[in-house]
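Sending over a structure as structure tokens; questions will come in a sec.
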Amino acid sequence: MNKNIQTFIGCDREYKDASIILFGAPFDGTVSYRPGARFGSSAVRSESYGIETYSPYQDKDLCDIEVYDGGDLELPFGNTEHALSVIENYCRRLIKDKKVPVMVGGEHLVTLGTVRALVDEYPDLHVIHMDAHTDLRDHYLGEKLSHACVMKRLWEILGDKRIFQFGIRSGEKHEFEFAEKHLFIRKFDFSGLEELLPRLSGKPVYLSLDLDVLDPSVLGGTGTPEAGGVTFKELLGALLKMKDLVMVGADVCELAPHYDPSGVSTAVACKLLREILLLIGG
Amino acid sequence: MNKNIQTFIGCDREYKDASIILFGAPFDGTVSYRPGARFGSSAVRSESYGIETYSPYQDKDLCDIEVYDGGDLELPFGNTEHALSVIENYCRRLIKDKKVPVMVGGEHLVTLGTVRALVDEYPDLHVIHMDAHTDLRDHYLGEKLSHACVMKRLWEILGDKRIFQFGIRSGEKHEFEFAEKHLFIRKFDFSGLEELLPRLSGKPVYLSLDLDVLDPSVLGGTGTPEAGGVTFKELLGALLKMKDLVMVGADVCELAPHYDPSGVSTAVACKLLREILLLIGG
Amino acid sequence: MNKNIQTFIGCDREYKDASIILFGAPFDGTVSYRPGARFGSSAVRSESYGIETYSPYQDKDLCDIEVYDGGDLELPFGNTEHALSVIENYCRRLIKDKKVPVMVGGEHLVTLGTVRALVDEYPDLHVIHMDAHTDLRDHYLGEKLSHACVMKRLWEILGDKRIFQFGIRSGEKHEFEFAEKHLFIRKFDFSGLEELLPRLSGKPVYLSLDLDVLDPSVLGGTGTPEAGGVTFKELLGALLKMKDLVMVGADVCELAPHYDPSGVSTAVACKLLREILLLIGG
Amino acid sequence: MNKNIQTFIGCDREYKDASIILFGAPFDGTVSYRPGARFGSSAVRSESYGIETYSPYQDKDLCDIEVYDGGDLELPFGNTEHALSVIENYCRRLIKDKKVPVMVGGEHLVTLGTVRALVDEYPDLHVIHMDAHTDLRDHYLGEKLSHACVMKRLWEILGDKRIFQFGIRSGEKHEFEFAEKHLFIRKFDFSGLEELLPRLSGKPVYLSLDLDVLDPSVLGGTGTPEAGGVTFKELLGALLKMKDLVMVGADVCELAPHYDPSGVSTAVACKLLREILLLIGG
Amino acid sequence: MNKNIQTFIGCDREYKDASIILFGAPFDGTVSYRPGARFGSSAVRSESYGIETYSPYQDKDLCDIEVYDGGDLELPFGNTEHALSVIENYCRRLIKDKKVPVMVGGEHLVTLGTVRALVDEYPDLHVIHMDAHTDLRDHYLGEKLSHACVMKRLWEILGDKRIFQFGIRSGEKHEFEFAEKHLFIRKFDFSGLEELLPRLSGKPVYLSLDLDVLDPSVLGGTGTPEAGGVTFKELLGALLKMKDLVMVGADVCELAPHYDPSGVSTAVACKLLREILLLIGG
Amino acid sequence: MNKNIQTFIGCDREYKDASIILFGAPFDGTVSYRPGARFGSSAVRSESYGIETYSPYQDKDLCDIEVYDGGDLELPFGNTEHALSVIENYCRRLIKDKKVPVMVGGEHLVTLGTVRALVDEYPDLHVIHMDAHTDLRDHYLGEKLSHACVMKRLWEILGDKRIFQFGIRSGEKHEFEFAEKHLFIRKFDFSGLEELLPRLSGKPVYLSLDLDVLDPSVLGGTGTPEAGGVTFKELLGALLKMKDLVMVGADVCELAPHYDPSGVSTAVACKLLREILLLIGG
């Protein structure tokens, strides 16, 4: 009998049997430049059938790990705090049920929802943040809950030296200065990642991947494309290095598929999501 | 709890409770000009959330009728007969379970699958065919199973004066001559439909709607757009006139959403599908 | 010397000399389906150079009336009430300076900002509302400030029988019932407009034009395209009939130009805006 | 053996056997707004395989008339007069060989090339001009050879009351005044065409069809889309009325296919070209 | 006199004078994900005029070698075996006439047609296969003739260790295992190519280039884009290394130009085809 | 009060206070392949709000230097020499006022306008030319003023060994030979740039950046995309090396934004323009 269930490829376990819960957070209400990240999670799900479940990079298969795809959360537009609460509450339930949350955005602000939930369980939470932008503004046109401020909000929760930024190439001068002082920041690429890993060993790590860390040639379907990014192979290489970390959650954000009519951006996001799921669940 | 089931809006009954079964037939293997109708059914499903379940035209609501959305059939590419068999067999099961099949294409050849199944149950089956093209070629580049030949194949099953064509404006001269002789044909629009209805009263009717009957200004996302078609209001008006027919099945074909980046074609198809479901189920 | 000022074509008066102030409200924070209306006002401005300043319909020329194009307001994303306040305050200043505001959206909720400002000056304000959607929901996913609720919010301010809806073809059943009871509603087209005009004679009228009242074949670049709309000539005809009304403000909303790569939607919006400006200022 | 010859569908006679010569003039060097009409003729040729050679409107078939498709002229960019000379000279040769030229633009200025050639052979030449724009500027930013001036240039050659304009809805006020005085002009539609035909009976007529006479909903792939145009059926109806005229040449201009990713504009142009060829050659 | 012949740039010899025959195989009937490769060959031909005939990489010019562009084969849709036979038979004729076939797809299955023809003439045929995908499935949804199985079918003809795969990064686990055992496979890039060349020296070699071996950033216009591919310079470098091989045929497949509205994918394919033609014919 | 002035981000000084004058030259009248570069300068201006004014590469901020954005020149289409004169005259005025001109094209021929003006003030002018194409044809289809000839025209003014070409990978053989003899040419990349810089030290240098020097994967929105180009990081690296040169003018040409619906090409151009402005003004 044919089915009417739609999941990311290979993620067809039942909730109760799954160790990882994949879900979408289709919110882009604070995007300042080009909206559309709300379509990211559903695009990733429907286009995932263009890739395989098997990864020749990790020699693992999605069919061999336990992932439940919970679909998309229903998030209101026009009320940012409410949307974040929905994410946070969903995430708290997953944590209670001993599941690892893997969220597909949506814009980057959604990370605040998952981190709020995770930090209670993991007070020592560390965040690896891959992005083109610092996201360290204190407010944007007066708003504190903006995708341009999400890392500042996370820092307020986590404190100094708990956020590790890579690939950053855009921000105001004072944001870079703040990052140098209070975070770990690596401009332009992933240099220094390898040296960092021993420090994170055994600690609870959350991976927040803003897809615009990639060069826009690789992924143009995003709200704020920023030239000078990393290649797919560089990003994949960085992810594979993290295979021994204790990853307690992850997100993949800022895919805005409408801006890339070729579908390539979505295909790239699908493949990265597969690798992250295999990294956590394999 | 959020869900991972994707259906056409408002079509969320269980199979056993439903009187209408909606399903997709994502096949476009014989398309001669521009392929892509395989994406029609999934586009209709995911974009249906841009319309309402309530129709102000019929003053009815999808939430008040019983429709199960069975998702898409899994059809092989490269083997036309096999794909048709899958459709036919699925349809036979629905008929056995006393369900009315409503299929979303895919290309127009898929109609052959449903009609093959229906004609056993309803030997007196009549077909209302809305289309820009006659589809009455005997073969196309040697192939008998082609979307350009589907009405010829149906005629071979149903015989003379059982197919009623409307909106036709493209074909070879001999196709028009064949239609005049063996079918009912109305070129360019829906004139004559009203007079026809009494003749069809009480008879089992199958509606086959090739969306390219619409003018390409209304629906450009189709494989073979043909200028000079009907407007949305003309088509909707024609459909509403059929409300007293005994409709034992229907299909909506030839939406190729990639050719219309505005999404308008899909939105048009969604609304027509809603009206057809309400026509049958209301 | 070349210039760096960008205005809608022919709208190059100084603020102090102008009787009409054109401005953009680039906000789409509550859009539920496809965002992008934030780009409407700037697209209208830059693409206006594809049309002429002279209207053969009204035999009038934008160069002969006094319009100042004030550019776009700076509106925060993620805080709906704040955005509305900026619009309202700007509008209050225009009213104080005896200017007629003509706003280009942005999504339809921005109308709430201008109407809040106008109703103090014109307690007897009447609103002509052209739209595909009723916009009469009480809330949308819990939010009262949503583009799906804007007419309900206006009704709360203006009271019964002050809002006149045309072209409506989408909504929930209870919205249509509410409209029948508390507003004037004309489904599908502009029938009844002519008869209505004498009742509005001499009264302060605000025109709110949601561009999705047009059929998506005419204007596909909008957030929620809804088949079955009016043609350009029908809409233009309706507008021209209003030439003797006392129009104290107007808006043109919901152009989302990215969804129409042909640029036709923007060209349509430009021409309608020209005609509205000439209607008010001529 | 497969072939490497590309022609408009059904136009595969040899030059010597043909009575009509179809050719492309891929020039858009004076376009003021959006260039791209240079791609019109090749798009029409390659996409013509989506339509049939048989017309159910005229009950005629392209295979039954004699048309040679001469391909595209090689026209320089950056030298307008030179490009016009190439067109004119090619056309003179066709006239000498007793062939009827049917040109596919390119922008509208190319009409000046064919008319220059035809007027020597037919001093009494009359022009039927279908367009959204008057094209009666004396110069555009100082240039006399501009697509915005082509009808003024034709008037200088042909004199008063020899040009008959239909569908016009854009221009400067003085252009409309000039047209009223020196040409026949019908704003907005084809009213008056029927009455005009007896006056043109037996006279040599040139048909110049600027495709933007169509509403942009029908044909958005053009340099300067102008809302409020005619429908396809209105245009086709007007063409079919001309079947008894002595048509000594024709052109179809201003298709800019890149602006319409759906391909619908090109499909519309193909069908109109088929009908014009059948009108002349049938 | 202008011409109506359309060839790839610089490939304008007569059949009898040519040593290389270029032809198109516009077939995509077994494509499982996104169809459209049928438009590849005609796009390559018409867009080739954006590049030069001279290669600064090889210091050779297409004008100095003898290539006849035979246009596109006429292939039926819906009958895979028939389409393959047409390709095979055409190819047999070329071989009989001592011509080297260079085919532009179409989907990758078309390679089976040329190899079937070549293997009779060259029983010792070796195949260099550049691709993102293993294409080594035994069947796909039950079909043996699928683009996902083409290399398995070739292996059945050629036997062990005659196929050399490069750039592979997608497949099921068992496909990689099969490749390790029965073929030469190099995952991800062209490492090992240089070492391989001496082994192929003097042997008849067929080059099958599936363009999706390129990273989708370079060529997004393909049916199944797969992130992590090679750059243009890496691919070109690999091709140039093969200059001393005895190349008895080649193909370039899987360009689906509609998915890349920028035209860049087609431009990339044109340049690669030029280099391959110069490699063989220079 | 909101404003109606549109400038490149951060370029909001008054003319009199500025040391650098940014202006647009929206001309593409001689483009041989795909026109549309006329839209480059306005796209760069409106999309510049997607990047920051601060450069982490140079640790400088546009807000700290003095740039006036003079908007776009009004250039006629169809008269190449006239367009060049407008550019030249504007540039002469800037030089007289001691301003450094930074021009955004438009097609590459516009460089001839600025260089004509600059060479009188700086007889020893040297040009660094980054491009995919040699642009050294003597004429193109008979026209000397063509974008394919602009470097030949510059050479006629400047003489031997004053033009330094980088990244070149397309041209006719004789163009490469001419370049080797009369210019400095570096094929494919920026090798040799570093060694060159001492020779240019203290000399007046003009930088002419044809954006198609970038690989089309990075910037596809250009008239003649040519595979095999440099990456963004390579180009940025080359620019940053020039920080000690005496740059008396610069241009950024051949962005044709319509060909890249993702907007990435424009975003790339914006960032490069920011870096060039900071290089000159910082």
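Labels for the chains are A, B, C, D, E and F, by order of writing; each one numbers its residues from 1.
Criterion: a residue touches a chain if its C-beta (ideal position, glycine included) is under 8 Å from a C-beta of that chain, and two chains touch if they have at least 3 such contacts.
For clarity, every value in this text was computed on a predicted model and none was experimentally measured.
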Shared interface partners, meaning chains that touch chain A and chain D: B, C, E, F
Between chain A and chain F the C-alpha superposition rotation, given in steps of 5 degrees, amounts to 120
Max Cα-centre separation from chain F goes to chain B
How many angstrom between the C-alpha centroids of chain F and chain C? 41
Between chain E and chain F, what's the gap in Å when you average each chain's C-alpha atoms? 38
Round to the nearest whole Å and give the separation of the Cα centres of chain C and chain E. 55
Touching two or more other chains - residues of chain F: 74, 215, 217, 259, 261
So which chains end up touching which? A-B, A-C, A-E, A-F, B-C, B-D, B-E, C-D, C-F, D-E, D-F, E-F
Complex contact set, residues of chain D against chain E: 1-7, 23, 42, 46, 69-74, 90, 261
For the chain C and chain B complex, residues of the former touching the latter: 33-34, 168-173, 176, 187-188, 215-217, 220-221, 224-228, 259-261
Show which residues of chain B lie in contact with chain E when the two form their complex. 28-32, 35-36, 38, 74-80, 82, 140-143, 145-146, 258-259
In the complex, chain C residues that touch chain D: 49-52, 54, 56, 59, 61, 215, 217-218, 232-233, 236, 261-264, 267-268, 271-272
